[in-house]
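Labels A, B, C, D and E are assigned to the chains in the order they are written; within every chain, residues are numbered from 1.
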């Protein structure tokens, strides 16, 4: 990353987003690593263990999906990675985040903010709320450009128009003068993407980028992200609760439960051979889109864990059909399944002999070790 | 995604013959409009007609703003529709007086999207569930009926006795809502996005519960949702709505496997694919152009024409009539896609 | 300290120049002498045809002479040569006649009462006016010397101005006084500048006057301590007492005639009964009153006329009941035993010091067995719904210091007098008052008023308790202060030593 | 109301219409609708004005005490009073007097004071600028103090600035403001030091410096409780705004805290503050009586209260009409300000 | 007045463990702040409790009679007999401060109670029914707001006489528009919640919906705000005393005592100072407690 990059790509060339691609770290090496990330909130009710010891590595140009239900800690984790959550004042953080050789976790707020927008960008779930309702689209776009690039206001405005065009927004000249509420949901999300990409970041954190959108628009936005990501060779951390969304759009998947990564694997492998019962359950709980209707859905009993008083042992054990006594007391470590790329956290993994036995035993006694039928 | 599916249950309303006597609810040319700011009118529902058969589950699907929830509420007369008829058990309930309508209410119940918002935070669970009985002067039966219904929806009556809604999770709250709707033993239950606010792991519990309740209480369901997978699974027949109009109606499996209306097709193809997508795929995929226009100012003619790849002058000039293109399959389109099996659905079904 | 002002002789040679800034306790309503109001600036604009000397005798001031050739029935007023109004119109007999006629014509004028006794006016010559009265009226000259509030026939407007402004003349006064009104922003300030054609040569000394209405007692006093203003017109004893304690301020005040007193309603129970009136007077501990309301510095009153006045007499004072709570209790018990009720409503205004007094009185009366229920009214309501309509049992009043007994005592004590709110009526007193007003003989008048004092004290017409205090508090550099006890000032002689 | 009376803020309209539509409506329709809306609004406000003025006529009529007696004075005889009553036409029924007055207003004649004969319009013209100046200066001062404190308190909640300004604010709201006025006088005008005048008002155009000196204490007295309320309100709104996603977005762009606070968060947080501030200006225009009395300032409040005490109907009616009109105008200005500040409102207008 | 539209967004899909996770640190900060505020919170309650108890049990306390002057104690300083000295009539200041609490608190509580009851009910009607009801009430509200409150209070006192009850009625009427708005805003929020729809769906009458479903949810924000208004009214009574419109003597009230001692401020400041200090601390406590309580029920926020 050199500063030369700052001066180019503004003049309104066809592909404003492409600038600087050549200088990127070669694909495959780690762009960002997060090690043993812990985030705890000290509240009146007790300590909320939002994220407990999560480690990931995102390679340049790859899409890593973090999947989990509400309360799994995926959002907190993402924000901690970016540094938007910092310690102090009742928030406890541990672990290190290294971005391209720089330890982000050791930087001051001011130093961190130099990376934000320029190197690492963020898009959020709801484009309705993530754009400032009282500022024009153009303003919200140009302020980042002016902040991070040495350009004049006019150049920034030009670039803003180009950016809007490149995210597929019609009439970009008109759009820059509009306010967020004048656009539809999909258009708004395109704008937030344009903002995120305005300074050619090398890492995009997309936190549920399509959850608030309708299915047809969701498809459009996912296509757009995939297209931009591959064209720009930009790494992406895609956070979502919907496994189906990431199946075709990620290189690797990390499944989070109760603030921990419970399974991580290359996408095809995860779908083909899930090891963690939770991953399996998550896949099966979704009503299928083919086959007969009125199918009795497989249920994950119980409710997501309370992060203040998480269960002992394996956090999924109270809801797990495989759970044995050991699961209730001992928390399984992340184990490798074949390669270092596929790791999971389970004593009785799906498809394994122990797993089959454990399940059979539970079927036999009519309940799991945790007492769940 | 084939593991651990149970077999298709025998209870399926679709097999019924659909004769007039079985129609429990009929919408005729239902119109709902309400004023928007700036002296404009939102054309939320613009003349839809449907029949709901006794014992079936009719799915109503579409993207947000298409008018599906408005239709649900219009059936409930909350508020009364702007035009058209809602015929329930042979009577047009839009013409009923307030007191006559009130008499009818127990037979027509509704559950809502937001389980938290559906329950009064200041009241205890048994009071919430028992309130309809009190309203109907059956307060004395509360002690008996409420625990029954609570058990039926999978809650322990003793455990919930002194609790208030905030002490429960979303899924449990939705169970309470269902219990409240069932306590009057309705005939028709309108479910307005009942699971869209729930986590995947809980969603399945509620869907199964609804199926169970339907069987146990002999309900007819109108199931409104935007999640195609959910609708597909629970419905016998599905009506697809777009911008205040129904564009396609038919039996669930057939409709999803072989969509005839271009919009249905777009919808089905937009479901996240389970196949890995490459750049080339993206180039090929026709995701449709843009988004649904505003219901304040809907397009002339066919409302989908602004996004439809097949649209021509006729679509702009002429509102397509609903017609039966196959037995039980109705579509409102000038250019229905009638070749056998849709490409997207084929890929999915393989 | 001289209640009537500074010692002009001792204050040295007057200097010219400077603007005197004054804080008044209320905003003036109008400069029109036929409009009821208190206006401390009025005499600066008009002077007065006659002026009371320190003995309360009306002496010619702007006029040259005032005589009666026939014992009070006809009066001849001589005017000075060459006196002109500030607009240049000469102040001649015709001007006086026009002005007095306004009081005659306008029944709502405060001076109407005196003026209506005039049956004829004639300009004997340009400098002499002849007044013919319905009956002899020895106090007639006083009506040309009264303070502005009481209705002064001697404040003369330019006839040209009357002609020009009509009813608006109250806002556009043109007089022959030492100053001319130049600017008046209501509730903010009133500015007057020197009248260059003033009739007294070399005067006034000041270049101008500025009056600022400062209605709040505390801030008004803060203003003089702070130096915002040079002089304030103190409405309450608190300012007077504080001013006296402050070595950097000079205070002018004097008790004079008049007093603070309570009105008894003689037409209603229980104060139609002499015993109850006596009980109230005997029940007020003047020592406690002084301690609580007057910081220990109260001159007790037992008569309308001040202690050193010629109009009072030892007999009258002796007739006044002294503080005797025991006797008061007995009287109340007697009255109650006779079937009367000792629960009475006390009506007064809601001014803070009135409220404080009501609380005091309530406690005092409780000690002798009278239950006092105070009721407070704003001034407007008090005037119309309480005193004017005689709708009270006992009511509070402050009748500030007066130079002369006429017309105040007549108004207060005579049957139907316009200040006789308690409907006190004693034919003997009426006769005495009429004779006193008519008399031109000072000794005779003194004797008559002494008699009035005695009879009304025996009747306990009202309950006096304290002399009235109206003070003028000034910085020491304000010299040449000439004032009435009512605080109306004659500004020609005033000068600033700085 | 006494100067410390608080008013609830009304949140601005934030609803985006269904569908978040891009659908445009023709300009003509919009204009027609806007006109209808304005007409409706004006009718409503006119009714408010009518009600307020009629109410005041009736109330004053019901008040015990008689204008004629006040004008005639304490020592007036009944005949004198009757004369005055006839002169002032107070012997006519209240409704007829109201209609007469209304007719006068419509022809631009507000009448003259019963007591002083001063034309009401002139009296108002003298008072309004004074009260206006004090009100506006006090508001500006209050905002100047409250806004930075509130922004900082919301940015660093629970820290020194937040807690100190909160406690001071609660304290400021815990005292009648005449007490502050008295304390200020003791401190600056007489007791401890004499650097400012205790009383009196100098017009700005007479002497700007003196004008400034003369309004400092009254404005401080007025400002102190207002500032406390404003800080509290803005802090609370800021705190909610700072939890919005778009603030997180702004942070993630790398914008500095100051930029985020003042350029992103302040505007969308300021709607309740603007409403309250507007309401306060309207309210204060109608009566800073206590401050005016304390500092002897010739403002509207004194005029009104004295008019009530003196039963000076004409002055009172004129002043109340002004206050009601001011209330109405300020409300419309607030609407316009919303329009300027919040594009979402603009669409609906 | 601009329309008050308050939108709620309650999604169960949001991270439940950390409400407002958008700024995770903020939640924790809030919580820690709450913890730190603990001492102040308890002090405030203690003080308020002491004042209220003293006011209620004043006749049982060994106090001087607040109405009986002691002419040896006029302007009296602090002595073993008179802990807070004496006033202009020599009455015991401590006793008057305690008895004054009765009147001051009574004004605050009753005026707010009455205003909240009337305004709260009207606000619910306006919010629930909308349309003409709402337009009419908005007109009434505007009229009350456009009419200077002080003139109104003067009128009340002049017409009905000066008394505690009339003052309460006057202040209550002035507070009605505020409560109408507040309750209307809260009602709009509640009425769009689905449990109200559900109640309509199973046939509850509007009256039942308003009083059983909406009212319990509106009461708390209104009450929380009303609590703060009690403090405001105690202060307002003080301001009115300055103009001679407060609670009429001999009933002691804090505002009346401050105003009465005003004339002696420079010479005997303690006469005003003690009641002023007690009023200050009491209203400060009310504000402190009220603000924290109000935050919990703020209409804007969705945690109804």
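Brief remarks follow.
Basically, a residue touches a chain if its C-beta (ideal position, glycine included) is under 8 Å from a C-beta of that chain, and two chains touch if they have at least 3 such contacts.
Since this is a predicted model, take the numbers as computed values, not measurements.
Both chain B and chain D are touched by A, E.
No other pair of chains shares as many C-beta contacts as D-E. Chain C has its Cα centroid 90 Å from the Cα centroid of chain B. For this pair, chain B with chain E, the centres built from the Cα atoms lie 48 Å apart.
Chain centres here are Cα means. That of chain D falls 22 Å from that of chain E.
The distance from the centre of chain A to the centre of chain D, with each centre set as the mean of the Cα atoms, comes to 51 Å.
Among the residues of chain B, those in touch with two or more other chains are 169, 199, 292.
Within chain E, contacts with two or more other chains are made by residues 12-13, 29, 32, 154, 158, 259, 262, 265-266. Touching of two or more other chains is recorded for residues 70, 79, 89, 184-185, 187, 241 of chain A.
Across the interface of their complex, chain B is touched by residues 69-70, 184-187, 214-220, 222-223, 226-227, 230, 241-242, 244-245, 247-249, 267-268, 271, 280-301, 303-304, 319 of chain A. Residue ranges of chain E in contact with chain B, taken from their complex: 8, 10-13, 193-195, 197-205, 208, 212-213, 216-217, 304. Note for the complex: chain C touches chain D at residues 23, 29-30, 36-37, 106-110, 112-113, 150, 167-168, 170-171, 185-189, 212-216, 218-220, 222-223, 225-229, 377-385, 387-388, 411, 418-419.
Those residues of chain C that touch chain E in the complex are listed here as 217-218, 238, 242, 285, 287-288, 291-293, 350-353, 355-356, 358-360, 362-363, 374-378, 381.
Across the interface of their complex, chain E is touched by residues 73, 76, 78, 102, 105-106, 108-123, 128, 131-132, 135-136, 169-170, 177, 180-181, 184, 197-199 of chain B.
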